[in-house]
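The structures come next, written out as structure tokens.
Each of the two complexes below includes chain A, the first together with chain B, the second together with chain C.
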Partner chain A sequence: MNKRLTTFYWMTVPAVLLFFVFLTLPALQGFYYSLTNWNGFGHQYHFVGFKNYINLFQDDNVGNAYWFTFKFAIVVTIATNILSLLIALGLNAKIRFRNFFRGIYFLPNILSVLIVGYIFNYLFSNVFTIWGQNLGITSLSTNILGSEQLAWVGVVIVAVWQGIAFNTILYLAGLQTIPTSLYEASNLDGAGKWREFWSITFPLIAPFFTINMVLAMKNSLMVFDQIVALTNGGPGRATQSISHLIYTGGFKGGEFAYQSANSVIYFIVIAIISILQLRFLQRREMDN
Partner chain B sequence: MWCWVKKLSTLAAILLLAFFVSACNKGDASGKVKIEFFQNKPEAKGSFDKLISQFNQEHPGIEVTQVNPPEAETVLLTRVVKNDVPDIVGLGATDTYSILAQSGIFTDLANTELPRTIDPIYLKMLKDVTGVDPVYGIPYAANANGVMYNKTLFKEMGLRVPKTWDELIATAQKIKAAGKIPFYFTYKDDWQTNLPFNALGPNLVGIDFFLQRRENQVTFQDKYREVAEKQLELLKYGHGDNFGKNYADGNRAFANGQGLMYIQGSWAISEIRKANPKVELGFFPLPTGNDEKAVKLVSGIDTLLAVSESTPHKKEAEEFIAFLLKPENSKQYITEQTLFSAVKGVTQDDPSVAELLPYFKSGRVVDFADHYIPKAVQLNSIVQAFLQNRDIDAYLAKLDREWDKVANRR
Partner chain C sequence: MKTSRRTNWPVLLLVALGTIFILFPLYMTVTIALKNPEQMAHSAFAFPTELHWENFSRAVEMTNFFSAFQNSVMVTTSTVILTLLTNSMVAYAIARNMQRRFFKGLYFYFVSAMFIPFPIIMLPIVKLASGLHMTNLLGLIMLHTVYGLAFNVFVYVGYIRSIPVALEEAATVDGATTWGTFWRIIFPLMAPISATVGILTCLSTYNDFLLPLIIISDAEQYTLPLVQYVFQGQFNTDFNLAFASYLMALLPMIIVYLLAQKWIINGVTQGSVK
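Right after this comes the complex of A and B.
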């Protein structure tokens, strides 16, 4: 074997082993437990076949969690991408204090999600409500996180606020790959700003758009920390995401096997969505 | 290639070294018996630390260490999965304890001296929760769930402590008419919504309901309508943002005189005093009906002490529990924590809970309802959702459906 290849094998094989031990093996174990009725700590359990899966499809709490998570993920993905693209365009223009603004917009990404969540939780209950009362706006004078209908909007606001930072950075990186000569040429042809965006900027950052859409979608489908810090799934189960349901049911509720079945299905769903998204958006890239 | 071999052998050497170092740590140089005491109350950490250091001084051969992680119940469950049960476990008599006791991981202490000093009412409570006969845990301290009131504000308005449900509602109406807040609700945290449920259920329906529910002889739809109606009635006397404030907000607000009554557990007293040390608190059981004599105080086992079945140091563990149960030590603990002792003859003298003592003395206490409801039912979120949509039929049907679903999955 040639010496260079040996080096590459030394790099790949341990990674594959680690990946197998820490990711594949637990996933297989989870699938194994999903076929039992293990509560997570008892000394004995029995095989129940696909009973857990059958029960899953009859559980309205699971349906409710899927509905919330998808609604949340779609709104967050769209809002994050529109806003972060706008901010990135602004930060890429020749404005004053450009680096200062870039730093400011990146800040939310550095802070821990839990801390941000607790801060917003306090703001929603004790600061915004007082503003609402003083301004005489009734819809603002109660905590929106405490309302069954509106709590999800509160979670969306925080998730978007924090998600924008990372996506903006990716868009900025994309914008900087576009050669300025293209803009000079389009200027000579007399193209307006709007035309310039649709015909040059957007097509050229298409790969960044794809990866941002996929990442934002995947992250928001797996939303957990924001829920814990802001509403803990409440009021009732109005903002319970799938991963929050798996955690509370599996570890706190002592239904380890049942929620293992839930996470197997959840894994398949996320995998399918990500693959579809990638294929669809990448085909769009080709077309351009 | 050779350089890799060299690096690998270095790595192996480091691993070997690490192994020897850890092996050395396990060998006990001092010859002391080490006991791990795991408990789930962050509020009580300081109090236990004091007692433990005293015990360690008096018993040179034993060294007790306290472990008190956040989310302790979940941590405990994961440790049980790994067969790494702490020598002594302190936790509340909840559904988690019940499941653990039924899985046989604790020692039966019925034939030791320990249960003899305990008030029998708590031993019976423990038996009812788990449904098994052996004494897997020694009740140590009890809490109370009821209505806290601001004595100063009550005096200003000339109000008396209500003894019946009608008096309670009349009092609330009077306070509301004066433009003040009768009850300070903190229903953003879902576990706060089940406090009235915990008081109303056992008083109006009784604890036997749950034992019968396990046998499928009764349903929530048959028996819990009044509980649901009364809980909705209470909600009329809250403040403007009942679902927007959480437990911490409530403790702060109530300590500073917003709200005259606060449906809460005795565990909140120390938190309220932190926010305002001068606040004068009173405490009465939630009057659930109109027969004054029938009202029972809701009190549960806040901490019980259990010994692991697999520990090699059962004798020393029992010795430590016997030390905690000594009247003077129990007294010190309940004074610091404003709790009630399960040890016979040890009384709580804090003026804020003085009104509750007659109930303890005459045995007019009943356990929390949610200690009998499987955790997987997730009672808290069901009650919280009900208080928002106010649909009694859907709520009771949901309780039954969730209970059946969970029973069916086990």
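Right after this comes the complex of A and C.
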């Protein structure tokens, strides 16, 4: 029996080793760098304590990136969940070619985010503008990605277009766990569709609602590929997300240590949001 | 009022109309890839009257497509294989020893990494990889394998705990070692969940852009998304060429999807709901 246990220990070795070297170690290193003034390529650097952290709070670019990222993440999370729940309800109704439509709606999820971004970039600049001009809609007749006020909406549209696919499939899985007998009973009681949705459907798919909200929020807080493909953070810094700021400042701007400090803050923020979201939504699940 | 068994036509109509939003960008991608600039100027939306296949051959040349394709396929298949072997093994050891403090601790150690966003370790990982001479495809494979671990262990452990222990005990009585039991009994039994993990790993590795962007510097080792990025920066005026190149990069996953659509959708559903 002891030999069995030894084997079990050996089984964990490759994963533990890889995980420690490539995840835990860099995370600790990142924290260490955040306390220095290293620019990322020289050999000289000094320990500066929490100076980077103090500076972060007075940096307009950092404030900007957090503001954009949060605004973006909240809008994307809400829009994605509403639309994918509607689509899932549609795909769960008594319709023909159900599997065919399921296949179509899931398609965006298998495509590269970067390339989808490039395709939409072209649509925004060369296709939607023609529609805008033909229909006489002034806000559409110029490229919205070039507008400081509207560019973020363009990024939202692309993220939602692609994000809906995954959430829809999860909602659909949830809807299929609801026994049809419940609807037959509520039909007998004369409940309307609206009542039926709020009293039966929505409470029963609550765990799926939780996981979809958490996933959509976490994914959109990390937005990077779409930014690179659509706006590269511009115009100005209007659509610079936190991860895009860490990437450009850390690798190209000589702010290695400073952006490491930003990463630590970013990690704490994401962890807090995820935990709060899980707690709040799971409590709501139990109330129902 | 009885539940009707007839098709719900209004809903069907709405669902069908909705697919326009999904298909329109893809339709545009295909038509632009097949047109030339004169045709585009003539009509932006119409299907091309004459097909310009030479966009594809020129894009192949300019992006060195086959080299990038080979790299992407190599990285993706290696990552999937390495993931299935290492992640299932450690998950098995954890699932069968959850009552022991070490394994339970390990489980939480791995799973907690689901909350670590990649940009946190992005800066140090580049330093580390270059120190270890791993800023190449091998490094990419290792890193992709590690970053999937948190989610995969979570999914695998849940599944293994639903496999009855009695099977393994019978094998032990017959004299099988733990290794033998794992490879001959447990690993084959895990096929459904391995398919799920494999599909999700395949999609995320093939489409990943950020990790290759920071790790790979040698142009010969570029993966497909990286090629699109570099290509876009250099030739952003010839849209027909660019779209031919996008389409070629998207096509392998679309083909895989068409062949294994039902599997992929079921896999995604199972993997995330566990």
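Observations
By definition in this document, the second predicted complex is superposed on the first by the 270 of 288 C-alpha atoms of A that agree within 3 Å, B and C clash if a C-alpha of one lies under 4 Å from a C-alpha of the other, contacts with A are read in each partner's own complex, and residues count from 1 in each chain.
Everything that follows uses one rule, which is that a contact is a pair of C-beta atoms (placed from the backbone, for glycine too) under 8 Å apart; a residue touches a chain by one contact, two chains touch by 3 or more.
Here the structure is a predicted model, which means the values were calculated and not measured.
Contact with chain C, but none with chain B, is seen for A:Tyr105 once the two complexes are overlaid on the shared chain. Using the contact criterion defined above for the overlaid structures, shared-chain residue A:Gly40 touches chain B and also reaches chain C. In the superposition on chain A, no contact is made by A:Lys193 with either chain B or chain C. Once chain A of one complex is fitted onto chain A of the other, the partner contacts of A:Gly254 are limited to chain B, with no touch recorded for chain C.
For chain A, the partner that touches more of its residues is C, with chain B and chain C as the two candidates.
Look at A:Arg237: by the touch rule set out above, it reaches chain B but stays clear of chain C. Touch criterion met: A:Asn126 reaches chain B and chain C at once. Overlap of the chain B and chain C interfaces on chain A comprises residues 3, 40, 126, 251.
Considering their complex, residues 1, 4, 73-74, 77-78, 80-81, 96, 99-100, 103-104, 187-190, 240-246, 249, 374-376, 378, 381-382, 384-386, 388-389, 405-406, 408-410 of chain B touch chain A.
In the complex of the two chains, the chain C residues touching chain A come out as 1-8, 11-12, 14-16, 18-19, 21-23, 25-26, 28-29, 32, 44-45, 86-87, 89-90, 92-94, 96-97, 102-103, 106, 109-110, 113, 115-128, 142-143, 145-147, 149, 153, 172, 177-179, 182, 203, 206-207, 209-210, 214, 224-225, 228-229, 232, 239, 242-243, 246, 249-250, 253-254, 256-257, 261-262, 264-265, 268-269, 272-273.
The residues of chain A lying in touch with chain B in their complex are 3, 6, 10, 37, 39-43, 51-52, 55, 58-59, 121, 124-126, 129, 141-143, 145-148, 231-238, 240, 248-249, 251-255, 258. Of all residues in chain A, only 3-5, 7-9, 11-12, 14-16, 18-19, 21-23, 25-27, 29-30, 33, 40, 87, 90-91, 93-96, 99, 101-116, 118-120, 122-123, 126-127, 130, 161, 166, 169-170, 172-174, 180, 183-184, 187, 208, 211, 215, 218, 221-222, 224-225, 228-229, 242-243, 246-247, 250-251, 256, 259-260, 263-264, 266-267, 270-271, 274 touch chain C in the complex they form.
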